[in-house]
Amino acid sequence: MRADGRETFQLRPIHIETNYLKHPEGSVLITVGDTKVICNASIEDRVPPFMRGSGKGWITAEYSMLPRATEQRNIRESSKGKVTGRTMEIQRLIGRALRAVVDLEQIGEKTVWIDCDVIQADGGTRTASITGAFVAMSLALNSLYETKAIKKFPITDFLAATSVGILQEIGVVLDLNYAEDSSAQVDMNVVMTGKGEFVELQGTGEEATFSVQELQQLLEAAQKGIKELFDIQKQALGDISLKIEGNVNENK
Amino acid sequence: MRADGRETFQLRPIHIETNYLKHPEGSVLITVGDTKVICNASIEDRVPPFMRGSGKGWITAEYSMLPRATEQRNIRESSKGKVTGRTMEIQRLIGRALRAVVDLEQIGEKTVWIDCDVIQADGGTRTASITGAFVAMSLALNSLYETKAIKKFPITDFLAATSVGILQEIGVVLDLNYAEDSSAQVDMNVVMTGKGEFVELQGTGEEATFSVQELQQLLEAAQKGIKELFDIQKQALGDISLKIEGNVNENK
Amino acid sequence: MRADGRETFQLRPIHIETNYLKHPEGSVLITVGDTKVICNASIEDRVPPFMRGSGKGWITAEYSMLPRATEQRNIRESSKGKVTGRTMEIQRLIGRALRAVVDLEQIGEKTVWIDCDVIQADGGTRTASITGAFVAMSLALNSLYETKAIKKFPITDFLAATSVGILQEIGVVLDLNYAEDSSAQVDMNVVMTGKGEFVELQGTGEEATFSVQELQQLLEAAQKGIKELFDIQKQALGDISLKIEGNVNENK
Amino acid sequence: MRADGRETFQLRPIHIETNYLKHPEGSVLITVGDTKVICNASIEDRVPPFMRGSGKGWITAEYSMLPRATEQRNIRESSKGKVTGRTMEIQRLIGRALRAVVDLEQIGEKTVWIDCDVIQADGGTRTASITGAFVAMSLALNSLYETKAIKKFPITDFLAATSVGILQEIGVVLDLNYAEDSSAQVDMNVVMTGKGEFVELQGTGEEATFSVQELQQLLEAAQKGIKELFDIQKQALGDISLKIEGNVNENK
Amino acid sequence: MRADGRETFQLRPIHIETNYLKHPEGSVLITVGDTKVICNASIEDRVPPFMRGSGKGWITAEYSMLPRATEQRNIRESSKGKVTGRTMEIQRLIGRALRAVVDLEQIGEKTVWIDCDVIQADGGTRTASITGAFVAMSLALNSLYETKAIKKFPITDFLAATSVGILQEIGVVLDLNYAEDSSAQVDMNVVMTGKGEFVELQGTGEEATFSVQELQQLLEAAQKGIKELFDIQKQALGDISLKIEGNVNENK
Amino acid sequence: MRADGRETFQLRPIHIETNYLKHPEGSVLITVGDTKVICNASIEDRVPPFMRGSGKGWITAEYSMLPRATEQRNIRESSKGKVTGRTMEIQRLIGRALRAVVDLEQIGEKTVWIDCDVIQADGGTRTASITGAFVAMSLALNSLYETKAIKKFPITDFLAATSVGILQEIGVVLDLNYAEDSSAQVDMNVVMTGKGEFVELQGTGEEATFSVQELQQLLEAAQKGIKELFDIQKQALGDISLKIEGNVNENK
């Protein structure tokens, strides 16, 4: 049993509140235990320079934390005048992951801006961001589709993410909170599609390593957790999830 | 009557939710119509260099908006690598205002960091920030007082802020929303204490001016609104407001 | 009597030298006691992006101090790589104030750049900047008018600024020098037009407050001082002041 | 067969030149096909602030490319005034990987700075950097050990890295060059220890995904390649490799 | 004859006004034709980190231009957030030149900050800065000496600078104004001591070259001009120049 | 005799390896004693804004050092977020020098980017950069000429650079290494053309001065050294040097 009473392969309580803020085309508050992230999706009618003339769209993400999302107050990146390496890594990860399940040709030369703002952090902020951002993006692209700004619903599959890790005394666990994450020997973020394929796999041993057998167990835990996340996303998306399932079946 | 149905001297619906986030010493979500600001207060056990050795504390504020708090997405200041003039002006205003009602000697060489993060903007974000930050700061300083980290409750009076302005067709109005603010000829932010004194008065005619008579009316509207804000703050603060009132009476 | 021998409502000796430097379209050295500011106005044949296509002009200001304008040497903002909040606040104030007395449609898609460079500081640098910048701007716009680059003289009224404040032992005083400003309980900057209307009113109690009665007195002192400033501006502008008066009468 | 004539599981020609530059404590030029990276290791007699007083050492890495290491010239990060997200991600990866095979307590409060400067790029620069940096670091730590600045040789195992990926027409391949990398559906970087354990696993499908079976094949290819890299490292390190093997045996 | 009527080897009218501003320890306005530079010298009671513990002082310079010192308005370096290469080159030159005639051991661990702010530019701003800064520095160091903060007057010789160049139609000329400088084939800045030795010699052919014979003529012109500058400096310094001459004689 | 056994007027061993890297249009590794610089020339098909529409080309240079090119590791300029004054000075010098021997009209609206990256530093890096960059630029412009992208070979003369200086105990010496440079009283960089004319002359006495006689000797040493550098450049350039000589003869 883990310190917070969970089983090794048990997620924390998760909730996704849709239409959280009024201005964004898609807006979600995702709660994963004590981790809370506002995920907003905005549509911009142009693409970055390297995509111009391609006829294809683009999806890009930004990630930030409130200074007091954490136990100790952090200095704002705007005050420091630069974005940390950690933030950049997470932003690139979120954008890349979402692009794997969108048919960019269908959305034309538009950019979907994803903003993930962590208002309270207790571990797993990057995977919560991906799971929530997928819902916010689905809402925004659905509004494009419903207003006939795009012809075909462009999301090709579900997408969710979780973290797994190895704790010295317990072994492999699913969905680490901050205390667990800080003491884990191995930390792995897994992003998967509804079809059960990997989009991203980032396993790291900080001053430690992991074997092929341990990798096997980590992936099993992740697969179990991500399946549960898909159910929560479907509930949040309601009818929109049918359009995604339609696309999945069509591509089989 | 105003576009949203309010009387000229009527505030929007206002709500203050205390203990909004779990990490900060004081945390508040203030809602003023569609404007929503998370106000967090953090205690740091040291003061900035220019205050060291003074035996006195310091209060400083930071202000930011989520990129999609607004109708159009704004570029993050961390991405731009610099804080705009508008942000700096607001940060300086919030800090200065709060310092006017705190006995800095009582808190010793500690800094109270105020973070005002606007998650949804519809006008009046700086005055909502001040009104909410006062409550967050009170919670944080009260916890210092209750844990006997400081000997005397250091807040000397209530503090709240609102905006007033002049609309071409209506005249003087209280608590402008974004649409009103954009078309106002004169815009004035007023910060007042429970005793009815001014802490800050910032009146601006953008390509317009105002007379002494208009100033009179603007101040009346502000006074009425701020009195109502004090009631909402007292409700949110519960027993803590008695400690503030105690200090007010003592200083008479 | 004040430390420098002045009456409470007495300005320091003020002088405005026109055509101070040879390159700018308008150039002024304004001296207010020991405060000396070079105010230059430059005409650029385009407007910032947000104004393009509007057919209207723009007025923007920059403010800076020589490192040794002050008692202690300050680090250059160019060395720090960023502009302080104080500088941004002042720059925005100067630009906003000047725009209130110019008919931007008359100047077409041109920008008037105002540069206020403080070479010696002894309090009141922002109000001296506004008072001097008005004259520099008038010279520059007059040269546009005289060369028939614009059809109508575009300045609609006079504009000047001063500071007032409350000193513990003396009460309300006009035009504070640095020593007075440092010890003042309340500090207020007032920008007014020739017609006697307010353009900006910025009153601040740093760790103090002020009552409605005190506000009344502060405004009286400011009005008296600003009237005297108008006389000094008119003397400096010579015949150009007649064109401004013509516009004032026309708009009555 | 691949475009450059290699088998699917075949590395490019690899060479490690030790003592490449004269100033660094450890210096290596690693050549992987047409990719060339100078890896320098420098010893500094202090640790970053967050490690002070811990009695332990630290290893940190920086990565850069000459502007014309690539087919098209890139703007220098020093000219841009900021480091890109890609660079930060790579720097963090290199440092983290190296720390997994060093007993930081043995080196005391010293920092090993790793500088990987790509002078010619043809794919796989981050994995070449890790493989070369391990050798440079070994040389630097060996000189500390030989001069008795540290008591025990602190490297606990070998470490090398390679990339694997999935090409549309060929399937899983080892050690992708730039042309292959640009068209790969899946790209994975694998860092392993001499014992055959994983230190880092970063698999990414850019607008694509991969199955559990494909993951299996990717890891096999990576394991084969990394074994060959260990032989090349041992040849480059000569007798120093015996000290590493001694530590490996001791920890069994 | 030159466009402004001067002989080829004739300086422009030069004037040095001492004690120009009230705060700096040494303050000068130098006028060289239409070029005007405020040169201030400030004393700081510590040295930069690389000099600490040396017992010696340091002299460092900063250089800037008002945005409208020039025919066309320039963007402020503080707005750009960085200092240009040209500014850095000039700052380093001024500091290096002044250090050549000061006995840094005599001033102890103090820094002399030289600020050269060009308020009007018409060519030769860097040489005017050096010539004026020498006087400002002499005033500041003399006040240290007169208040017995240092025991020996530390300036060992006079120092002045001018520019020379080659104009296509006229040949070698002394003290180029902006129009001449823009069209010159060769441009040379020369800094010399009272003894007639070189401190700096920076000759540049922009898309042109110069022969040994031409170098000879350029140096002759410079020597003539600098001798005249010494007379103007001596007049400005009054009795202080006797202390410098005393040191020159002592070192013979 | 000098510390490294050289005569006073003797260069260090010098070698220029052409076609050092595969991507750049011109690429050279120049070795001057222990100083090693990679000089790359890249052709870009446009010119900076200030040259557009002129029909002429541009040549610009960037200079950098590996952090561990030096005895002590230096912080990367990309980490610092800004380029030092020294780097800017060198970059400007290299670009200016090369432009003196190229007929910019012949190359049309193209930019030649010169990148000088010092991988090992032992004094004289800026002069080695110029000498090597001339060869890299010649290779790049020759490839433009051979592919008929330009009609006339545009290099009008040879160009090389060396340093000379005055050592306390030895007097004037040629081609200073780092140890000599650090202790030299006078340091001079000389850039000359094949015709024997000066392009740049930068002599500096750091806390010292030099006489007209010493200048004479310094120039003699430089002329001798640069003649030898021309021979090494010609050998490296092979037949391309004949095209340069052809242009030299044509312009006589």
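Here the chain labels run A, B, C, D, E and F in written order, and each chain numbers its own residues starting at 1.
In the analysis below, a residue touches a chain if its C-beta (ideal position, glycine included) is under 8 Å from a C-beta of that chain, and two chains touch if they have at least 3 such contacts.
Being a predicted model, the structure only gives us computed values, none of them experimental.
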item	value
Chains in simultaneous contact with chain C and chain E	none
Chain B to chain F, fewest steps along touching chains	3
CA centroid of chain C to CA centroid of chain D, Å	61
Centre distance in Å when chain B and chain E are each reduced to the mean of their C-alpha atoms	52
Centroid spacing, where centroids are CA-atom means, of chain A and chain B in whole angstrom	34
Shared-contact residues (touching 2 or more other chains) in chain F	81-83
Successive chains around the closed ring, taking chain C as origin and chain E next	C, E, F, D, A, B
Chain C to chain E touching residues, read off their complex	21-24, 27, 34, 36, 38, 40, 42, 44, 62, 64, 66-71, 73, 76-83, 87, 113, 115, 117, 119-120
In the complex with chain F, residue positions of chain E that touch it	82-86, 88-89, 91-92, 96, 99-100, 104, 188, 193, 195-212, 215, 219
